[in-house]
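Right, one structure below, let's go through it.
Per-chain residue numbering starts at 1, and chain names A, B, C, D, E, F, G, H, I, J, K and L are given in the order in which the chains are listed.
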Amino acid sequence: MAEPKRVLVLHGPNLNLLGYREMNVYGAKPLEDIDEDIKKRAGDMGIEVRILQSNSEGQLIDTIHEHRTWAGGIIINPGGLSHYSISLRDALAAVRMPVVEVHVTNIFSREEFRRTSVISPVCIGIISGFGGFGYLLALEAVADVMEATV
Amino acid sequence: MAEPKRVLVLHGPNLNLLGYREMNVYGAKPLEDIDEDIKKRAGDMGIEVRILQSNSEGQLIDTIHEHRTWAGGIIINPGGLSHYSISLRDALAAVRMPVVEVHVTNIFSREEFRRTSVISPVCIGIISGFGGFGYLLALEAVADVMEATV
Amino acid sequence: MAEPKRVLVLHGPNLNLLGYREMNVYGAKPLEDIDEDIKKRAGDMGIEVRILQSNSEGQLIDTIHEHRTWAGGIIINPGGLSHYSISLRDALAAVRMPVVEVHVTNIFSREEFRRTSVISPVCIGIISGFGGFGYLLALEAVADVMEATV
Amino acid sequence: MAEPKRVLVLHGPNLNLLGYREMNVYGAKPLEDIDEDIKKRAGDMGIEVRILQSNSEGQLIDTIHEHRTWAGGIIINPGGLSHYSISLRDALAAVRMPVVEVHVTNIFSREEFRRTSVISPVCIGIISGFGGFGYLLALEAVADVMEATV
Amino acid sequence: MAEPKRVLVLHGPNLNLLGYREMNVYGAKPLEDIDEDIKKRAGDMGIEVRILQSNSEGQLIDTIHEHRTWAGGIIINPGGLSHYSISLRDALAAVRMPVVEVHVTNIFSREEFRRTSVISPVCIGIISGFGGFGYLLALEAVADVMEATV
Amino acid sequence: MAEPKRVLVLHGPNLNLLGYREMNVYGAKPLEDIDEDIKKRAGDMGIEVRILQSNSEGQLIDTIHEHRTWAGGIIINPGGLSHYSISLRDALAAVRMPVVEVHVTNIFSREEFRRTSVISPVCIGIISGFGGFGYLLALEAVADVMEATV
Amino acid sequence: MAEPKRVLVLHGPNLNLLGYREMNVYGAKPLEDIDEDIKKRAGDMGIEVRILQSNSEGQLIDTIHEHRTWAGGIIINPGGLSHYSISLRDALAAVRMPVVEVHVTNIFSREEFRRTSVISPVCIGIISGFGGFGYLLALEAVADVMEATV
Amino acid sequence: MAEPKRVLVLHGPNLNLLGYREMNVYGAKPLEDIDEDIKKRAGDMGIEVRILQSNSEGQLIDTIHEHRTWAGGIIINPGGLSHYSISLRDALAAVRMPVVEVHVTNIFSREEFRRTSVISPVCIGIISGFGGFGYLLALEAVADVMEATV
Amino acid sequence: MAEPKRVLVLHGPNLNLLGYREMNVYGAKPLEDIDEDIKKRAGDMGIEVRILQSNSEGQLIDTIHEHRTWAGGIIINPGGLSHYSISLRDALAAVRMPVVEVHVTNIFSREEFRRTSVISPVCIGIISGFGGFGYLLALEAVADVMEATV
Amino acid sequence: MAEPKRVLVLHGPNLNLLGYREMNVYGAKPLEDIDEDIKKRAGDMGIEVRILQSNSEGQLIDTIHEHRTWAGGIIINPGGLSHYSISLRDALAAVRMPVVEVHVTNIFSREEFRRTSVISPVCIGIISGFGGFGYLLALEAVADVMEATV
Amino acid sequence: MAEPKRVLVLHGPNLNLLGYREMNVYGAKPLEDIDEDIKKRAGDMGIEVRILQSNSEGQLIDTIHEHRTWAGGIIINPGGLSHYSISLRDALAAVRMPVVEVHVTNIFSREEFRRTSVISPVCIGIISGFGGFGYLLALEAVADVMEATV
Amino acid sequence: MAEPKRVLVLHGPNLNLLGYREMNVYGAKPLEDIDEDIKKRAGDMGIEVRILQSNSEGQLIDTIHEHRTWAGGIIINPGGLSHYSISLRDALAAVRMPVVEVHVTNIFSREEFRRTSVISPVCIGIISGFGGFGYLLALEAVADVMEATV
């Protein structure tokens, strides 16, 4: 079993404020609760997860690099970095494993500039608009892909 | 129970060729098998589904109108119509229920013109890139939203 | 009297939901009532009208073709097709009679993409923003033009 | 009767040359005759009108301001100012009453730069392409709206 | 002889009016006569043809699908659909056989919006500007390609 | 003392309606009161001010020209002219003295077209978004610059 | 001699400051001197001229209208209005006589926004970059055209 | 017989390398062989041809000028010049005879910049994507047009 | 007194070099001196300030988050981040307090790319072009707003 | 007399056809006659001229280089090269003498692509729209500049 | 010897993965080996080097600042930051010494968004496409410039 | 040794004026001296070089074709042709050998239109901004690549 089911979950800038900021836009559930849900669902699915939130592009890239061999898949909500961080994109492309992009809101029904993600082209797919529940869907999605490619 | 869990699933133009065309892009699973998976998962979740594939924009709009009161949610893969059919968009906006947009491929890693969906802004969310499995994720997503809004 | 005053009135996609959908945007008057108003006003003006609503671009084009010799003028609300249907535009240009474009809402004060109509350049004029009453203004306008060109 | 039916009619730059200039484009009817038609129709409808033509953006804005309390509605043909005068637009938005934009020609079938009116988004509607007759339609339109909002 | 020379010829929206509409632009030859020319030339070349004209995008797509195995090549004049119908494009790409795009007029010397065809990138070639004669050239072209690929 | 502290304050089109129009956007303080505040603060600072409001681009330009030698600095709120009046820009550039651009609202958080000021590149700075108080800040700013350049 | 050689010369906004403002850009010769040169050269050529400078778009348009029958040609330096005043353009197009556009500087080697003149398309020609001398060239040019069309 | 059937065939830059360069893109047939095919087909059709290949824009223009009276039609593959040479375009427009544009590849399915030909608008038609065979189709096309216009 | 006057002042990337770099552009005053001025003026106004300079987007965001409850207002000079850091923008929007954007130079008279700030739309206002003095104006501005909203 | 009045006159591609091609656009006067007019006027003004027409960009550049020391000024009608030949532009900029750009037609009232000249920014001025007479105006203009700079 | 030859070499985000990621794109040589080559060549040339790789924009900026007086030149491969980091650009511009931009791949033959570097305009030159060897060329280039400016 | 180290060096339009024109931009070293440097360095490296300068696009293309078998690599400074000559690009792509693009200046810090080279995408790399020294770097670069591919 060369490639165990291990998934890295990354939350980008400002996601630590989930549940505290603009609740009409982002929902009332704090990130801690969402992380609990992720861990529980992952446990049920037999997936090992590591979760990190960071407001620093550099730290997110470092973390991706460090998990190059540990992880078999990545779930990432790049937050505001989605729209300009080609460095983050390059990091995800470099580690060559299935990446699922998650957004809590439907970025395609918001401001014009949010409708373009420079991250998407290096992901296998995107799940956007389903609040914290989107991470759970992403777990299922990345597991489905990892199974297919094992 | 004014709003039972009834979901309309719509496949747009050319999706009837799934499994037959450009399998390297769209995968090898025929639409019939995907529909079977949808029905089975829906059954497990206690959701009643109706599924339609059509190559005609007009027929898709008619079907949406006809299910205005029957359905509590819509899952739609608009196919090529995603990129220009403002009429389809208006139909989905008109019926005022949660709509989930599904794409078999990751439209954001393909040709430039596929990266803009005129449908997305009237949907609650989008799931793109997970093949036929995306419809099953969409079922979960729409159910989650319908529960929240009941 | 080679050219009797006969006017074809066409309602494009989703206009059948007038009075049922997004009433804050489109008003509360159902299409049936608007059609009654049109018929009544036309009767008062000695104009013969035929009215069709369709969600199908193809059917709208077919209808225009079929009335090439019957009608002396056309009133059309192209709905969402306004913004992309060059086929509908070509059909209207082909039948070479005065066409008046009507929109229930003021399309120029809505989303950016609604501000361009590919239909307008082949019409003699446009009336936009006056709800169902716009059709009655259009009747007067088309009659005025038909008189001038008889 | 706090809001009597009083309508301000404004003709922008160069409209004083109607009937004298480029008759193939703008028609042969002089502005004086059109104004007579407007007054007559207004009289028939029990509407009090004041009509002004000016080639000066500043004077048009001043006039709008001065009629803030007198008028219940405005009909304006902004002429060439349509395409750039954000100041005129702001003036119309400021006086918060129904405004109908009229164009003698169909501005949407002419040069590209004429297809965008910065005035339209602050109007309730637009009537374009029906020559001097368009003003009479505008009278009916503004009256219809004023009735609805009384 | 696994791949007999069978060619599907498709005429898109409004082409049924050829010979009746805007003859200065589209020429005076009716579509019926053009179809006769096609059949005669095809007969001379030993090619079996089926010809369909439709104003409905959906019907054109259905027809393409239905001839997936029958035809070895397609000649299509997409009419106004050329400029926006990504669904039609996807249908042509899906059936994986040589497609020749024909236009009666030279679309590159007309309005700006006619200069972009979303259909062209999935065709082997384009023939534009030679009136009804272009279909006969297309027959030769598609036959030449089919021979090369047999 | 070749360059006394004399400042010309200019209010562009529609600013005379401050306190009367769209108070949710522009605030409730009438221009007269703002002008009083300006005069008072200027008096405290030992600055001589002249204040003009005009809805006419020509009159604003004339006034700037006339104060070429009198004034040592200009504070201008160009209103809607900000977005297109290159003539006003040229007038300000021509008189070669420090100009401060003021906007009552934050023009960068409003409609897209308000985010570009053709006036800004010829000003030393901009103060936008602080209501009538912005003029007082501008007084301090222009005084600071005038001192530095004396 | 139905069309005597009478030429209207118009200077737009800020040209009254010629010789006083930005002399490195616009040259050191005052407008009065240029006007003297124009009158002298016109006298030598047997041309009657009237010259007006105005900072007001409205006044420029009024003046053009008033000289519709008097003048046989127009020389205009529209100043900053060149780049946006469609009203001025319409006025020049309306009076249907040869118009020569003059610019003191070479507007095509300055800021990007100065490279587009909305006035040019309604002129017979443009002379740009030769300082005050350009007006004298324009006199010759308009005389040459007027001769040809007499 | 004032206008004999004489056709000038021009190959632009780099076409001399046909059969030698990028054969997967441009095919394996050398230009010499294609020219032989052209001559043979022309002979069969009773058309006199002259053929020139040049890598020099100037020489191509000179050749077009020199054949102004000799030729009754032109077939040109402008190669890379298609996308920028307005000089070549002007030369073709100047000689006022039917011109057919040929491309060996389908330029509309290649890089974005190849999809616009500045040559096309002055041609009667375009044939693109059929390799060397396209020249033979062009011969038929130009002959058909020349017959119609004799 | 639930909301004491406490203001966070943030200097973005490279502002630590103020007084050392490109003094002709940014002025000769070192950041330390500007900070002293800020503290002194704040003291005079009874405002408590905390000041941070950082070249790291992540650290700036962290600092904003940490002061969510401490601060009643923010003054920020985002430096180069102004033009792309949507993450910084989201951080400022998330903490829901008045933010004033300051720039030492007039960013609207510099390179094109500096004229758009992605930060501005989430601020109450902007002060740009007044060197270090701009921070003092910002203190007054933010105090004025905080008073109004207490 | 270090800088005698010697002027190089260059006609770009296709100008040799003047008087033969599209006379409604370019006029009926052959280039030979225009050249005679130029020589005669130059003689009257005491200017020595050399005139060259070429369809080759390379030859035009060579000629400019060769006249670097001979000529004191250049008059050039770049023809179609105006719109793309940055090489020609660089050649003109390199020889550092006054250049006047001439166009026979008013390029600003023709097709969109003709409205931008890459040559203009390196010229002292432009004269466009006065037919062959424009060269004579250019002679006067270049002489006026050469005098000023002697 | 006020300015010794000391060069700072900076590797931006993801370059630490060189030799491990996408080797078909970036080559198989690890960064450690490239750094060894740089040090060796620098030693041969008598240049003192310091080398840093970082995934953090902030750390790169800090490092540049810290070497303001130590270094006489900078070699930087900004990685993905090339395309958006105006902060990094400002840091390089601020330290006022020769900067050479290096890219391992030819960024101009890759995706559209990689073809624009916001860094380039503040560098003396760019070397792109020569793999790790490009750093050695950059050493020579920066030395050549430093010699010229000593 | 099928592929000896033979390199073709091409200088495009206006490079013959190096050392004579705009020395502040292009440097004071004449092309002859640069060519001497190239020959000397090539000799030292055991590379055989041929060098050509031409102002003619056609001649440059011809020369590239003629050296298809002789040369193993090309160094080209396309001068102004860089920005539009797709014909030159196609010639370089056709000969299928490593090409290095050189620019004497840093084209990315100059006018906007110079920042795009249509040549770059078919080169292995670019060296821009190092004056005549750039050719020597290019020699090293092309040699390095040729070694790797032998």
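What we mean here is this: a contact is a pair of C-beta atoms (placed from the backbone, for glycine too) under 8 Å apart; a residue touches a chain by one contact, two chains touch by 3 or more.
Worth saying up front: this structure is predicted, and the values here are computed from it rather than measured.
Counting steps between touching chains, the shortest path from chain J to chain L takes 1. Graph distance from chain F to chain G, where chains that touch are one step apart, equals 1. The contact pattern of J-L recurs in F-G, the pair among F-G, C-D or G-J where over half of the contact pairs coincide by residue number. Averaging C-alpha coordinates per chain places the centre of chain B 54 Å away from that of chain F.
One inter-chain figure worth recording: chain B and chain I are separated by 46 Å, centre to centre, where each centre is the mean of the chain's CA atoms. One finds 31 Å separating the Cα centroids of chain C and chain E. Among the residues of chain H, those in touch with two or more other chains are 56-59, 84. Pairwise chain contacts in this structure: A-B, A-I, A-K, B-C, B-E, C-D, C-E, D-F, D-G, E-H, F-G, F-I, G-J, H-J, H-L, I-K, J-L, K-L. In the complex of the two chains, the chain E residues touching chain H come out as 106, 108-109, 115-117, 120-130, 133-134, 137, 140-141, 144-145.
Against chain C, in their complex, chain B makes its touches with residues 56-59, 61-62, 65, 68, 84-91, 93-96, 118.
Taken together, the chain G residues at the contact with chain F in this complex read 12-14, 16-17, 20-22, 54-59, 79-81, 83-84, 113-114.
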